[in-house]
Each structure stands twice: as C-alpha cells, then as structure tokens.
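Labels A, B, C, D, E and F are assigned to the chains in the order they are written; within every chain, residues are numbered from 1.
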Amino acid sequence: MLNVIVTDPPRADLAEVDKLATYGVATVHEAIGRKGYLGPEIRPNQQGARVAGTALTVLCWPGDNLMIHAAVEQAKPGDIIVVTTASPNSDGGFGELLATSLVSHGVRGLIMGAGLRDTQELRDMGFPAWTAHVSAQGTVKETTGSVNVPVSLGGQLIRPGDAIVADDDGVCVVPRLEVQQAVAASQARLAKEDANRKQLADGALGVDMYDLRPKLAKVDYISYAEYVRRAGEGI
Amino acid sequence: MLNVIVTDPPRADLAEVDKLATYGVATVHEAIGRKGYLGPEIRPNQQGARVAGTALTVLCWPGDNLMIHAAVEQAKPGDIIVVTTASPNSDGGFGELLATSLVSHGVRGLIMGAGLRDTQELRDMGFPAWTAHVSAQGTVKETTGSVNVPVSLGGQLIRPGDAIVADDDGVCVVPRLEVQQAVAASQARLAKEDANRKQLADGALGVDMYDLRPKLAKVDYISYAEYVRRAGEGI
Amino acid sequence: MLNVIVTDPPRADLAEVDKLATYGVATVHEAIGRKGYLGPEIRPNQQGARVAGTALTVLCWPGDNLMIHAAVEQAKPGDIIVVTTASPNSDGGFGELLATSLVSHGVRGLIMGAGLRDTQELRDMGFPAWTAHVSAQGTVKETTGSVNVPVSLGGQLIRPGDAIVADDDGVCVVPRLEVQQAVAASQARLAKEDANRKQLADGALGVDMYDLRPKLAKVDYISYAEYVRRAGEGI
Amino acid sequence: MLNVIVTDPPRADLAEVDKLATYGVATVHEAIGRKGYLGPEIRPNQQGARVAGTALTVLCWPGDNLMIHAAVEQAKPGDIIVVTTASPNSDGGFGELLATSLVSHGVRGLIMGAGLRDTQELRDMGFPAWTAHVSAQGTVKETTGSVNVPVSLGGQLIRPGDAIVADDDGVCVVPRLEVQQAVAASQARLAKEDANRKQLADGALGVDMYDLRPKLAKVDYISYAEYVRRAGEGI
Amino acid sequence: MLNVIVTDPPRADLAEVDKLATYGVATVHEAIGRKGYLGPEIRPNQQGARVAGTALTVLCWPGDNLMIHAAVEQAKPGDIIVVTTASPNSDGGFGELLATSLVSHGVRGLIMGAGLRDTQELRDMGFPAWTAHVSAQGTVKETTGSVNVPVSLGGQLIRPGDAIVADDDGVCVVPRLEVQQAVAASQARLAKEDANRKQLADGALGVDMYDLRPKLAKVDYISYAEYVRRAGEGI
Amino acid sequence: MLNVIVTDPPRADLAEVDKLATYGVATVHEAIGRKGYLGPEIRPNQQGARVAGTALTVLCWPGDNLMIHAAVEQAKPGDIIVVTTASPNSDGGFGELLATSLVSHGVRGLIMGAGLRDTQELRDMGFPAWTAHVSAQGTVKETTGSVNVPVSLGGQLIRPGDAIVADDDGVCVVPRLEVQQAVAASQARLAKEDANRKQLADGALGVDMYDLRPKLAKVDYISYAEYVRRAGEGI
C-alpha cells in the first residue's frame, strides 16, 4: 500500500490511558510482560515530566517534515504525536512552532525518532518531548509519507491509537486493546513494590525475598585467599 | 602546507556577530539557507546559554592539547575558541584552567570536537561550552598542530574569523563575509515566525498556512475501516 | 575459574578513600599518571554529585540482574557497587528498589555498565549513579555470574576493594594499593593548579608557564596574507 | 499477551516468493514503494548470495537462544529464520550446529538481529546469513520468548509468513498479502531499468531521461570565476 | 550563497593525479604531512582497487539523489564523484544505473558519504566505490543541493578539482595546488620505506633505526619479578 | 606505577597454545566458561585465518605508535602482539613495515585496539590481523606508554603471556595458567559437538537433545487463529 492518511483510527480509552501516567514507564513496561519499551536512544528533552496519551503516528521522509503538518489536522485531544522517518535521520524536523500548533489541537507531547530543535523554548512552554536526536538542522516539506499507519520505532511496533507512556526513563507503548489490563497489572505491581521497598529499606535481602538462593546454588562462595589461590592471580 | 599559526586573520564584525546571538541557532541556520549547523554530536555543557563570537580555530593532535595553549596567545576579545583534532578523539583536552586563561583574554566560549572536563566548574564559572564528549582523560603537550587555519567539524568548514552562534540546540557557523546578510535574514525570519505562531496558536493548520495541500495530492485520505480492508492487516 | 562470589576481599582504607572525593575525577586521574578513567560512555544520572568509595564488583549476564541481588549480601559501608555485563547490554537492571536495599547496607552509589531506570526516583532519594545507558527495559533473574572478581569496564580493570571516585566528569578507579599515593599526588597537583590558576587569570600564557615554546619551534607563525599566498586558498 | 509459540501461521505462496529472489533487494524495495528495507546494520556474512523465503520469526531474550531451538520445530521448507532480541544484543546466539539443524528442516537462511558465530563454517556449508553483529560470545538457554509473532527489526515490522528477500545490499521484507503485487511491480521495474541502462550507457543524461530540469530551475549554473566572486572564497 | 552548480572548476593536472594512484592512500597521506584522510568510516565496496582522480563534488539532501543526476552533466574524464549529504544519511542514493551513466562520461569511481546499493553489480562491472554505508533504501529526486562546491566529508574539506586517492585503506584528498608536491614527497617516502623494509626484515629494530631510545628514556625496563613486586598485583 | 617495559614475562606453554588454534574461537570461548571473548568490534583483516600465540601487550597513547616499536625488542617467537591505546582511537598506528619487523622476530599476528593500515599488503604477505578500525591516518612517535603490562581490550583483561586465539569470529584470550585446561575442555566440547551435529543433521530437535521442553513449559503453543483472536491483531 502506498502513502495514506488514515482519518479516524480507534483510540485507546483516554480515561484508562490517563491512569497509566500515574505509574510511570518502568512499572507499566514490567506490568505488561517486559514489552513495549522504545529503548535507550529515545531520551527526554526535559527532566521530571511524566505523560500518557494516544498515539498519533507519522511516517516522514528523512530531512522532510511535510507529514507532521498533515498530521496536525488528524490530531485529537489526548494524543501524543509519534514521528518516525523512513530511514535513520537526525534532522530537526520539529520545533516550537509545530508544538504551538499541536497544543492548540490538544496534543500532549512528542515522541521523535529524528531530531528536535528549539529545545529550550519547548521546555519553557512546558511541551514534553522525547527524541532520538537534538538538532537545529532544518527540513524541507517536499516528500509524502503517511499518517496514522503502524510505525516501528526503537524496536517496537506502534499502531495509531495505542497508548504511550513517557517519563525520564524513556517511552513505552501499550497496545490499544491491552490498556485496561495494563492499568490493573501496574496497580498490582505498585502495591507489591511498596511492600518490598519497606522490607529492603529494613535490610532484608533480595536473594531471600525473591527466593533466589536456589538459582545461586552452582556459584561457589569463596574467601579472598581461596580466590587468589585458585586463580594464581593475586588480586 | 605544514603546521602554522596564523597570527591575525580578519574577523567578522563583532557588532554584527553580537546581533546573531539574539536569534539563536535554529533561526540563523534557516536564515542562511539551512547551512552551517555542526550537527547533533556537539552538545551544550550547560542549559540556557546563547552566545555568538568570532572563531579562533585550533587543530590538535589526538590526546594532545599543546595547540590550545598556543591559541590563547592569538585570542581577541569576542572570540569563541573552536578546537578540533586530526582524528576522532574523546580525551579531555580542555578544562577549567584553560577556561580561566581564555576568559582573561576575552574569549566567550568553547566549541570542542574532542572531550571536555571540569564540567561542573565550567558551569559554575559561567564559561559556556559545547562539546562532542565529556571526559576526564588527560592529554599531553607534545605534538604540534595549527592555529587559525580552516578546520572541519561536524561536517562544516569553519574558517578563522567566521561567526559562531551556539545555544541549547547546538552550534552554527556563519561565513565571515555573510554575517550582515545573516542578521538581516534572521530578523526577517523572526518576524515571519511571530506572525505564524499567532495563527497556529489559534488553531490554523500548517497545511493551509504553508500551502501544502497540493503536495499532499497523491496521498489518499482513507478511513480506518478502509485501511484495514486494503491492508488485510486489522490494525 | 567458573562463577564465584568472593566473600570478603580486602578493601582500600576508607579514610584515605574519602579524601579522594575532595579532589574530583580529573585531578585524581592526572595525579596517578593519567590512568584509571572509565571513559566518556559512563555518564552521571545527576548533576553536582562527587563521591568516593570501595568497589563492590558484579559481573552479570546481559538482561539479567540476579548477581546484583547476590552482591547486596556482600556489601560493606563505604562501598560503591560496580556492575558489568558479560557482553554489551543496555537493559535497566538497576532501579530504585535495589538502591533502597543497598543504602540500607551502607553502599554510597552505583557505577553501571548496562542500563539504569527509575532515574528521577534515584535523583529524588539522593542515590548517585553513573551509567552507560538509561533504560526502563526490565531484566530477569536466571543466569549466574560473579561478585567481587576483577571486572573490565570502560577499558579499565577494576578489582574488588579498589577505590572509585566519581563526579560530573565521569568515573576513575584507583588500585587499592595506590590510594595513599593518589591522595598525596592529588593534593600536590591541587596546590600547583591553584598557583597556575592565579597566573592564568592575570593573563599569563600557558606557553610560557609550561615552557612550551621549544615544542612550537617547528611551527611557523605567519600572517594571514602570507597564509593566503602560501595556500592559494584565499581564506 | 505473554510469550507464545504460534504453530502454523499462513505463509506467503512459495512459488511467488521464489520469483522475488530473481530481482534482488534494491529492485523489490523500490517496486513496493520504497518500503520494507531492514537498514544498513544487517549485513551479509557472505558475498554473492541472493535468497528469498518465508519468515519464521523468533523473539529471544538477550544473551539467550532458547527460542531458536524452539523455532526449529516450527520450521517449514522454504522458511528463512528471522531472529530478534527483546533489547539490543550482539551475542553469538547462532552458529553452525543450529544451521545444520535448520537445513535438515528445509530452512534457507538466517536474518539475525543479534550476533552470528562460526562465520567461516557457515560460508563453507553454504548457509546464507545476514546479521547485525559477528560474535563468538556464547549464549544460555534459560529465558523464554516467542516464535511466529510479529517482530520489529531494522525499523520494519516482520510478520510470520511474510516474504524475505536478501542479497549483498541487505534484507527486505514484503508483507505476505503483497507478494504477488511485488513480483509484478519488480518485473515491470526491471524492464524499465533495462531500457534506461542502455540509454545511460550511451551517454544520455538522467536529468533529461527522468525530466529533472524543472526541479533544478531554482539552482544557478555559474562559472568558477563567478563562484569565487560571489563567495569571496577563492576556491 | 544558495544552491549552485559550478560548471567548469579548475582541476588538478590528471597526469600528476595518475601518479598518485601508484603510491596508495597511506603513503600519500603521510607524504603531505598526515593530512587529508577521510577517516575509517568510508570503506571500500571491493577488495584490491586503487584509483586516483579529480573530485566532482556533490551536495545532496538526505534521502534524495537529484543532484547526483545533475552532476553527471558536469563530469569530465578522470573525475571521481564525491557525494555528501546536508546531514548524516545512510540511504542508497547511488547504484548501478548511475554508475553506468558516469562511466559513459569517463568517471573513474565514487566516494559516497551516504549509502551505496547494487554492491555486487558494481563489483561485477568494475566500478570502484568507497562508502559510509551500504543500503538498498531508495531515494527521491525532489530537493536541490549543489555541484562542484567545497564539501566536508570525514573531517576533511574537499574542493572541486582536488585530487582523490583511494584504496583498501580508505580515501585521501590532496588539494589541487599541492598535487605535484605530493607526488614528489610520496616518491621520496617510498624510497625511504624500501630501504627501511630491508633492514627491518633482517631484524633491525625500529627503536634504533628511527632513533627512538631517547624518547623511551623515562620508561623503566623492569623484570617481571620487579613488576610483580612494585604492583603487588602478581600477574 | 608509571610507564614500564616488562622485559621477560612468563608466557603460556607454546606447545599447548598451538593446540588451541585447532579449535577456533567459539569453541575455546565456550570451553573455558563463556569467557575471554574480545567482542564484536575487533574484526579480522582477512578471511579464513586461524591462529594462536602468546600475548605481547602494548599500551600506546592515542595517535602515537612509539611503544609498538619498543615492543618489537621484547618479542619472542610465538607471540601475538596486542596493541591498545590509553583512550579510544582509530588511527592507523600499524602497517606493513611494522609487520615486516615483527615477522622477523617470530611474531604471528596482531590484535589492534586502534587502526590498521596497509590492509591489502598485510593480506598479501600473510600476516593475520584483527582490528577495531581500518585507517590510513598516520601516527607520531612522541609519547610513552608501556609494554607487557596487563591491558583491557573489548571488555577483557589481557596479561602478557596469556594465550590468544583468533579466527573469523574474532579474538579470545585464555589466561596463561588456564591454557592446559582450555585445551582439554575444548577437545571434549568438540567431541560432543560432533555427536550433536550428526543427530541434528538427521532432523533431531535441539529442544529434545538439550532437554529444553521443561524450560518452555510456561510458553503457550497456540494456533494462528487463536493468536489472532487473543491479540485482536489479525496477523
């Protein structure tokens, strides 16, 4: 199929999506089975933001942001725009003017597979962004791509309408049909972590708490003197 | 030609260069025809600084900062020192002592193709720096290079006396003879952007404002149902 | 030798180690002969922290943090935990729960060759960390490794009990038996730098202060006009 | 959804898939609308091989090849096995023994997102492989993943049963339902290229043949003397 | 200055350029003062080729090869085409059809800052190419750039008409006005190396031949036992 | 300890080391407990070579090969020279003249953490080399380092006299005192692999042969229809 703009894809229920923002990326990612994390290359442009929203996906040509402009028209309140390029590209296809435009249509933030610019202005206006590159390199508006088609970013598939959660640890995608489950699992995980935290703060050992000693059975506990003897290494 | 120190190259007019700092990197880069950006690898050591100055160029050997010391003697008030190495190198050839020395000669900041150290001290003393690497790895002072010759950094040619603009988005070089033009073009661009920003904040669409609909003519606008039908993909 | 946990390796004297924190990474690294720096890939998770401690080394399998849990039991007050993986890995094997556990056993910070998560929470609780990657990607607890054996990170050998110094410039390791020497040499270097700083602030030139002019003897000092003539380049 | 092994996904028609191998990656990628290329990081382990087959997809844990063993049982003649990991990993999870096993089940080759080993042995036995890394680093068989689920590799989504084409230029995926179209479009493209090649070999210009002069209208054709005058650069 | 096509820049004398090919990249680079090497990222597409020619420079937009087509018209026999992009890009903007076209105009080879495709076909037709990436990813022909202007690639400035030498070690640029000097210096270096090679083959030591012992004066020669004693490391 | 040249470190028994070459890197690495592999960044300069020898270690300054010359004098027949730099560096500090010199002293090959040049000449003369970079960039001979001290390369510690094995899969180090064990374990592994290969070639499944089915117990085997139903994804 050639380039298309899908005009009104189903979106995850925003009330549920909003709950995901209360848990954060690490918790949600664990809760859904260690899936959906967009990897360490997509970094926050600010410190301390935590947002969730529905994916408005964009596929651009490298060095070209035509389709971001086309995507604005498809935005709905609660969306987070997810911009990818047809091949690896670091150019600064997104800046403060586009953010201004998106905010006026209710978009909550940006996930950028290429480059971001006006980084200070975006922090000043409180528009949260996660990006693979910071770059002032300008782009053209010549070559078409697609809006609201499935895209691949950071080794994850993102479909339009999927839920996006992002904070200082990066970005996680939750499939549209799994959001409710993800909320429940995250809540359960949080409760468990609270209990564990208390014990660990009191000096309990994870090897006991998580019952890890059997897994360590084949590891020898040896003294330093024994280590030096075995290795002949004299550490 | 072997290694040389060029003692008094012509510099861009500092009064004009100062104006460039008011526009910022993204604006200047766009205004001069999407040129001169040093790429996403040269990152700021601080947040919120925006400076402009004339390039004092240095070409060092990897792992060696001898020529930075030689360059101090060639510095003039208003300069920004631009340090490159003969091959890729991350060593920390620049720190707080060199900054102290350069400040006493009127230098406004540093663009570093290799590594920077004493990063906290540099922030504390307000000396702005943009660098490819942060590294405490020390350097020697053994092998010669050049001062005030054209250098290549981040895919751009930088001649001594060219204008340098740097902020949170990175670094841009403006050829010495094009600075006045760059100021005028940046001012014009800023005015245009102000007008656009107002419209976009009111909900205007970029596809209309920039007359992009003809370019989107070959893109199909389809419903989600139609997309599923065509792709057989069931997103 | 297969996987082992060494139970009580000798550690550098903590009173001496504490002194290292007063000098910082760049100074200590220079003082011990430009050695021990873990390179520019290990970056701080916070700004402005400077710590020193004794290395509690851990060797994990990629995507697996079993041995970090095993290491907690071996921790002593004053330790800094140093986590490496058997092959390059960016997964988030360390977060706020493990930090809570380690703090309760007196551990002062983390050096992480893989990925870190809960980055904001770690900043909030004041647990300093240096890491090669930030990643929310979760890990399993299945495959064994070693604790308190020599590990290699950032091109440096780190033995259990060695001294670790870390600040905004990165991380430096000082061999256990060289800590006292390192303190003395750092102190001497600091004194020398203070004297140099004063002179440089007054406009003295490094080429004179460090007696570098002989090394520049083979470099020609030429005018801009001469440069243009020689190169035929017309800069 | 947690880890699953999908036992018998529909596969692209092998007779059509075989035709794709006659065109090569660059042609097929262009023919289907410049899509599906797995990027420059997935490189061939041999020179001169060109194969096509149906995707047998595998999702492994980093440093773990358990699921490749599980995938062998799901293989069908004509398959190409596509191995990804849950996070970036370079370990050598695939070597000559696994290739021997897969060949006995009719598998035609390997696309590897992690590391390959026994590279010379694989060339000797004529088992073609494309891989992101070459590495002798061994893996364990401890942690589960999935077989025959959609995976993301090199920025592309690959579904089980999709067609894979690979040659010295890399790897391209063609969605299962678009294979027939891809064959037709590739054939048409090949014919057009043959005609173009003849003209270009005779000295015809692409700017005429592809009617590009209008696109160059805003570019000035100037003499060298004029360039020097305009730029004041004296090249 | 905006985009231009410079129609007839002066070129280095081809008779002299041809001589450079007899020396190879490492020799020429050393002979001209360890300058001009385009770095380790530009790799040969074939093994054993060694060519020299005059630079036909091209500046393209990322993901766009329009200007390569425009450059063909400016080619002269003896040229080597040098293609760069305005920002980092790996797309396969050059393949066998363009090579066919360039060969018909006397072009001897390609230096590619972006991606190359049809790699096997180019080897088969004997068209030598050096490239930063191999990629089948197709490009468009939409956005203008420049032909025969100075470009920056691999940290080096390349002017139109400069000499290019390339072999298995990579690519070196020699400024147009320094070619004759480069030939003489390369010839002298070759003679010296021949003499050195004979001595070294007979067992002579470089530390004597190059008079390096004074430089090693501050290095202690110690026995293994002494090393173990000093380090307390017991290697 | 400052820079030293250790004159006669103990070396692994060459007769045992020679046996390691018959097994290859992947086998030896597995046999000694999945240790010692120098990672995927150290690649062969030739195809099909497999060598073993004793490590002659060298620590150079970046951009400087002085210590390689110093190391030649310390070479013994059967050595493989292992060159590292004090910080990451890609310069071509090793070429055909140094190889000629080392061959005359009985050295069998090179492991290079920096750059290699004269790559074709080295292939022609049959001197096997593994290297992190190919680069014609020349080096100076100014700054001292060490010979025959422990070095860190590719995440592994290499002591002088350790055994080195290298082939198309990369490089593995075996501690001097573990060589005999490594030979025995490699031989045992080879025998086991021969038996496994036969069964796998006959169609046996690894999941049975290695008894992996219990580990797959928590993975659901589901039909394609069931997968589509569960995921609502319609693959």
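Definition applied: a residue touches a chain if its C-beta (ideal position, glycine included) is under 8 Å from a C-beta of that chain, and two chains touch if they have at least 3 such contacts.
Note that the structure is predicted; figures quoted are calculated from it, not measured.
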{"item": "Farthest-lying chain, centroid of Cα atoms versus that of chain F", "value": "B"}
{"item": "Label of the chain whose CA centroid is most distant from the centroid of chain C", "value": "D"}
{"item": "Distance from the mean Cα position of chain F to that of chain E, given in whole angstrom", "value": "29"}
{"item": "Intercentroid distance (Cα basis), chain E paired with chain A, Å", "value": "40"}
{"item": "Shared interface positions of chain C, touching two or more other chains", "value": "1-3, 34, 37, 39, 86-88, 90, 135, 137, 142, 150, 231-233, 235"}
{"item": "Touching residues (chain side chain A, partner chain E) in the complex", "value": "61-64, 86-91, 135, 137, 140, 142-143, 228, 232-235"}
{"item": "Chain C - residues contacting chain A, complex", "value": "1-10, 66, 69-70, 72-73, 90, 92, 95-98, 100-101, 103-105, 115, 117-120, 133-138, 141-142, 144, 146, 148-150, 159-160"}
{"item": "Interface residues, chain B side, partner chain A - complex", "value": "25-26, 29-30, 34, 37, 39-40, 43, 47-48, 167-170, 172, 193, 196-197, 200-207, 210, 212, 215-216, 218-224, 227, 230-231, 233, 235"}
{"item": "Chain D residues touching chain A - in the complex, by the definition given at the top", "value": "1-3, 33-34, 37, 39, 84, 86-88, 150, 152-153, 155-157, 178"}
